[in-house]
C-alpha cells in the first residue's frame, strides 16, 4: 500500500457494516420473508434452502467466484474473468492479504480488498437465494444445491463481470498519468493523450455491459432481473404445486413475512448505499433513495389493493416495499429523491397489477412471485435509471471520468470537475434496454439448460406423496413447529 | 462545501448506521413488541399500522416535514419552521444535493445534510407509530392513516422544531466571527461583541424550548412524552375494548414481544448515540448510558414485580427495559453512567407501579401502556436530565457555547475550553418541567382536536362485530397465522 | 487526550457498531437460538434467563467487573485485576470520562475508553448466557441469577484478565521510549534497554495466559471453552430432564432457532472483527474468516448428517454454523481464509460426531449442547489457532512487539517493521493446549463449587411438578403463546 | 347419563361456563373446532390469490350430566350462547353408558 | 338421529365437504386430531436425538344427520376420503338423542 | 361396540397408548382439549392485568372397541393415566352403532 493508497477508516467501517447488512438480508431476512409465505409443512425447507445457498456460495466465492467476476478474463474478458485471484490470491507482492486494496469510484480512494471481496460475496449469496421462492414447496433439496452451484458459475459470475467489472477510476488515473508523462510537457497534448489512453483502457478492461455504458448502481440487472427470470423458468419447468388454484395455499405466518420484509429493508441500505464503496454524500443519497422509493411503493400497492380488492393488506404493503427496493436498486446512486419516489410509485402499482392480474391470467405457479416482484421491478428500475439519472430530473448525471481533471489531480471524492457523459434520455434508455434484454436472455436460456441438466442427474421435483407430506418431514426429517 | 466543511467519513459511517438502526426500531422492532401483546386476531392490524405509518411519514417528511421542523419559520419561528426546504430543496447554490452539509454540535464538524434528513426522518416515523399501542385492537385503519397525517403535521413537526431547531455551533461561530471582525482588533471588545451576537442569534434563530434552555438529548419530549400523551387521549376517546376487564386479553406471543424489545434496545443505540451526530467520546457515553439505564430499569421492574406479584415475568422485565430506554433518552448525552443507572432504577419501579396499580385504579384502556411507559418514563427522564447533567453527579454539564473560545477557534470536538451554563439544579429542573408541560398541553390538546376531526370524517372505531372478528380479517382480509 | 492520542472516528464508528452487534447476539440472537429448541412451555424461561443475565451482568460490569478484568491487580495480577476503575472511575486527571482513551493493538491508535468498556461488557454479558442452554427446562430462576453473579465474579473476570489483560503496544512504546530516554544518546544501548524494558513490562503487566503467549483473538477460551465446561458441569449437577430419552423433547420452533442462528452469525462480525478494535485490513480479514469458517462448518455438518442419518436437517446446518463461528473465534485475526475454511470443516464434522454419538453414549443431558458445540468447538479453535497462525499456512504470524521499531516510531497500523515471534507449530500448539487446560480446570472446578453453593442456598432445580407444568407458568406466571 | 355437546361461538365460552356452574355442573371439556354451516365465511386474498374460507372458528363443549339434568343444561347453554345471529351453533345430546373418575375409580353418577 | 364421525386424511377435507353438500348436508364440524393406527409414522431427528412419531395428523368430521340418511352419508364420505392407502381412516356412527339450534331453539330434525 | 373416550393429563399419553397396545388395541384418536373441573387453574399476570385461567390443557383419547373389551380398556386406561392427584380426568363410554374402515369398506368389528 503506497501512502496514496491509505484507506480511510470511515469507509472501512461503513463497508464492514454494509457487508453484514447484506448477510442480514439473506439470513434471516429473505428466508423469513419467503418462509412465512409457504405452508407450515414447508417452512423449514425454505429456511434450509436459503441458508444452504448462502453457505455453499460463500465457499465457491472465495475459491473461484470472486476471481471469475472481478479479474481480467483475457480473451473472454467481455463476458467473464479468469482464475488469477482464485483461492483469494490477492496479496500484493511482498505483502500480505490484509494489505491488498481495491479501488472505489473515487480516484485515489481505496478500501481493503478483503472488504470488497466480502461485500461482493454477500451479493453472490443472496441472488440464487432469491430464486428459491419461484419453485418453493416442491423442489428436491439435492437438486437445489446442484442447481445453485451450476447457476452461480455459469450465470451469476459472468453477468456480475459483464456489468460491474472495471479497473476503476484509479486504474484510469494511472493510465492517464502514464500517458501524460510519456507525452512530455505539452499540456494540451498530454490531455488528449490521457483521454485516448482512458478510452483505450476502458475499451479493453471492462465487462461488456459496462463498456456499453449501462448503469446499474447496486444490482438491478445482476441480482434482480437475473434471479427473477431464472425463477420464472424454474417455476415453468417444475410445474404447478399440487392443489394450486384449488386448495388454500395461504401463508402460514405473515408475521414472519413482515419480519423478513423489514429486515430486507434495513439490510438493503447496506446493499444500495454500500454499493458506493465509500461513506460520503453520495452514499447518503443512495440511502435516502432507498428509503423513499420503498415508502412510495409500499403506499402505492396498499392503496391500489384497497381500491381494487376492497381491503388494504399487510402482505400487499410489504410486497410493495420489496418491489420498491428492487426498483430503486439500480437507480439508488443516480436518481434524486423525488425521482426515486416516482419510481417507487410506479413499481408499486405495476407489480401489484402484475402479480394479481397478469400472473393469474397466465396461470403459471411462481409460488412467491419472484418474477412478478424481482424481475418486473428490476426491469422498471433498470429502465427508469436511464431516465432519472438526468440532472434535469434531479439525478446525479453520469460522471465522465475522461474529463475528470480535478478528480484525477486531487483525488477528491466528488467529481465536481468532471463533465457529464449522459447521452440523453433516449440513448441511455436504449442502452439500459439492451442490458435488460441481454440479462434476460443469458439468464433465461442459461437457467433452462441448467434445470434440464439437474433434472437428468437427480430429478427436480419431489414425488406427490412427499409434496403432500411437506418438504420439512420428507426432505429434512424435521418439523418447524411442535407447539 | 468549503475546505473547512469537509465531512469526516467516520461520522458519516456512524450516522448512516444510526439511521438504519432507528428504522430497525420501528420495523420490525416496535411492530413486534406491540404485535406480540395483542390477540392473534389483531396481530396483522398492528404490524400494518406501524409499517404504514413509517411509509406515509417518510413521504411527508421529504415533501414538507423536514422543512417544517428544521428551517427558520419566520414570524412563527418559535413554534414551527417554513417551507424553504420543501421537496428537499437543500442543494447549495451551484452544487448538488449531495454537497449540502448540516452542522453538528461541534464547531466546524459537518455531516452531509442528506444524512441528517434521513436520521431525523426515522424519528418522525417512529413517534406516531408509538401511539398505536394505546388504541390497539379497535381503531379503523383509515382513521389511523388520516390521524397520522394530521398529527405529524400539527403536533410532531412543531414540537420537533421547538425543541431541536437551532443553527448549531457553526452558525454561532460564524456570527461571532463576523461580530469580532466588525469590532476590530480589540480582543476584549471582540469577545463581548461575540457573546452579544451569539445571544442575539440564539434568541432569534431557535425553537421555543431550545431558547428556554430545555435539554433533550435524543427525544424524551419530542418523541416519548409527545406520543405518550397522544396515546392516552386516544385511548380515552376510543373507549375500552370489548371484554376489557372481563375476558382473557392475553398477549398472543410474548416471543414476538421479546424480539421486539431486544431490537428496540439494539436500535436505540442509533437513536441515542446517533443523536450526537458524530462518532466520538460523547457518543460512547450516550451508548454506555443507553446500556446501563436499560439494564437497571429491567432489573428494577423484575424485582419489583417479583416482590409484589410473586413472580418475575419476562413481560415485566422487557417493559422495564423499554421504560429505561425511554427515561434515558433525554439524558443519554448529559448524565454519567452512574446517574443513568439511578435514572433507570427509578423509571423501572415507577413505571411498574403506574401500569400495575395507578392505571388499573383509573380504569382506562391504554391497550399496550403507551402512556404508562412512554409518557411516564419520558417525564421522569426529562426531569431527571435537569438534575443528572450536573457534573457534581457525574454529568457532562451544559456547554455554554458563548464562552467556547477554544472550540470556536479550533473546532475541536470536545468543548474543553467552554464553561458551563448550568443554572443549577433547581433552575434547570424548572426549565425541564416547563418543557414537559408545554409538550403535554400542545400534544394533548392538539391530539384531542385531531381525533375529533377524524371521528367526524371517517369514524375512529370499528363496529363491535368487526372488533370481535378481529381487525386482521375485518380490516385487512388476512389472517396472521395459518398453522 | 494528547494530540498523539486523537482517536480516529472511523474506528469509533466501527467499534460502536460492533458493540451493539454483540448485544444483538445475546438478545434476541442467542435467546431465540436456545428458545426455539426447548418445548413451548419453557420458551419464556429461556428468554427470561438470557435477558436477565444480560441486564444483571451489565450492572456488575460497570460497578466492578471491568475493573477486575482490565486493571492491574497488583500481587494477584497474573490472575485478576483490582478495583482501581470500579464504578467507571476512568476519567483522566482533570478531564472527564469522555476523554479517557484505551490503547488498541496498533501503536498510537486509540479509541475512547468508554467504547472499549461497552464492547467488552457485551462479552461479559453473553458468556454466562451461553451456559443456560446446558440446564434449560429445569433450573430455578433464582438459582440462575445467583449463579450468574458468582460465576462472572469468580470465573469470567479472572479468565478474561488472564487472557486479555495487557497494557497494549502503547504502554509498551511509552516504556520503551522512557527507557531509551534514560539510556541517553547511544542508539544501540537505547534499543537494548528498550527491549529489556518491554520484556520486563510485559512480564509484570499482563495476565497469566497472555504472558504464556497464548493466542485468543476474540474469545475462544474466555467465552466458549469457559461457558462450555461450566455448562457441562451444570448439566451433570442438575441431572437429566424428566422424560429425557423417552418423551418427545422436540424443539418447539426451529423457525426461532434459525432466526437466532442467523442473528448470531450477523452479530458475530462485531464479536470477531470488532475484537481488532480498529477498522482496517486486519478487521476485514477477521470478518472474512468469520464468513467462510461458518459456511464451511455448516456445509460440513449438513453433509455429514446427510451421509450418516439419511437427511440433511436445518437444525444440523445451523448447529454447524455455530460450531464454525465458535471455532474461528480465537483464530479470526490470525488464520488466513483458507485456513479458516479447514478449521470450519473440521469443527463441523467433529461437533456433529460429538453431539450425535459421543454425547448419546455418555448419556448426560446437556439440553442444548453447550458443551458439544461451544466447548468442543472452542477447543478445536484454540488448538487450531496455534497452527493456522503460521504464515506458511496463510496466517498472519504473531507480531513481536519488542522488535516493532517502525511501528513504535511511526505508529502505523500494520506492523510491517515487526518480526514474528511465532515459536513454531509444536511450541505454539503446546502453549494453546496449556491455555485450554487451565481454562477447563479453572472454570470446571470453579463452576462446580459455585453450583454447590447455590444449591445449598436456594436449590438448583425446580420440583418435578413445576418441571412438568413448564417453567413459564411455574416460575414466571406467563405463557409464551396464546394463539 | 348423557353427554351434552354444544358447538358455540368462541367468545361465548365464559358465559356458558358461568351458566353451567350456576346449575351445579362443575366439569366440562372444551375443544377448538371449525364449523361449516349457514353462516357464511369470508374471503382472504393473498397477493391476488383469493380463498373462500367457509370454516369458521367455533368451540365444542362437552358436558357429561345425569339424564334428568339434560333439559336444564340445554336450556342454560341455549340462553347463554345465543346472540340471535346465524352461526350461534347447535346442541347435541348423546347417550352415555358409563363414566369413571380416573383418580378415584368412582363410577357413573359419582364420577361426574 | 345419528352423529356420523369420520377420521380422515387432512387433504381430503374439501372433497368430503363437497360430497356431503351434494347430499344436502349443509352443516358439519371439524376437529384437528392426531391418529394412531396401522399407518406407520416417521422418525424425526434433532441433533442426534431420534424420536419415533407414531401419531399422524388427521381431521375428525362430525355430522349430525337424520337416521335414514346415515347410509348415504357413510357412502359418500367413504368415496370422497378414500385414497386406497393405509391411514385413510374410519367412520363411526353414534346415536343422537336430541339436537337443538341455539339461535332459534328449533329441535331435532329442524335443528340440523 | 363402544367408543371409550378418556380425558387425561397430557404427559400420560405415552403410557396410556402403551397400555392399550398391550391389550391388543391398535388404533386410537387423540385431541388436544381444555378441561374445566375441580383441579384449580392458575393465575397469569400480564403487566398488572390478572387473569384467572381455569381451563387446563388435557388430551381426549377416543378408542372404538368391541363391547366385551370395554371393561379391560377402562381398567388399563385408569391405571396408566392415574397420578392420584386432582385432575387425572374421566373416562366416558358411549354406544357405537356402526364402524367403517374407509380404505377397504370393512364394517364394524372388522373395521376397528
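The letters A, B, C, D, E and F name the chains in turn, as written, and every chain counts its residues from 1.
The rule is short, and it goes like this: contacts are C-beta pairs under 8 Å (C-beta built on N, C-alpha and C of every residue); 3 or more make two chains touch, one makes a residue touch a chain.
This structure is a prediction, so every number in the text was calculated from the model and none was measured.
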Common contacts of chain A and chain F, by label, are B, C, D, E
Shared touching partners of chain B and chain C are A, F
Can we say the copies chain A and chain B touch using the same residue numbers, with more than half in common, or are the two sides different?
different
Result of counting contacting C-beta pairs for B-D and C-E, higher pair:
C-E
Could you grab the centroid distance between chain C and chain F? Build each centroid from C-alpha atoms only and quote it in angstrom.
50
Cα centroid separation between chain D and chain E, in whole Å?
18
Set of chain C residues in contact with two or more other chains
8-11, 13-14, 17, 248, 250-251, 253, 259, 309, 311, 313, 315, 477-479, 481, 483
Spell out, as numbers or ranges, the residues of chain D touching 2 or more other chains.
31, 44-46, 94-95
For this entry, which pairs of chains touch?
A-B, A-C, A-D, A-E, B-C, B-D, B-F, C-E, C-F, D-E, D-F, E-F
Okay, in this complex, where on chain A does chain D touch?
37, 248-251, 309, 311, 313, 315-316, 319, 355-357, 359-360, 369
Residues of chain A defined as touching chain E within the complex
243, 246-247, 468, 473, 477-479
In the complex, chain E residues that touch chain D
3, 17, 26-31, 64, 94-103, 105, 111-112
Chain B-touching residues of chain F, taken from the complex the two chains share:
44-49, 51, 53
With touch defined as at the start, can you tell me which chain C residues reach chain B in the complex?
1, 7-14, 16-17, 19-20, 23-24, 27-28, 31-32, 35, 43-44, 47-48, 51-52, 54-56, 58-59, 62, 87-88, 95-100, 112, 114-115, 117-118, 121, 141, 253, 256, 259, 475-483
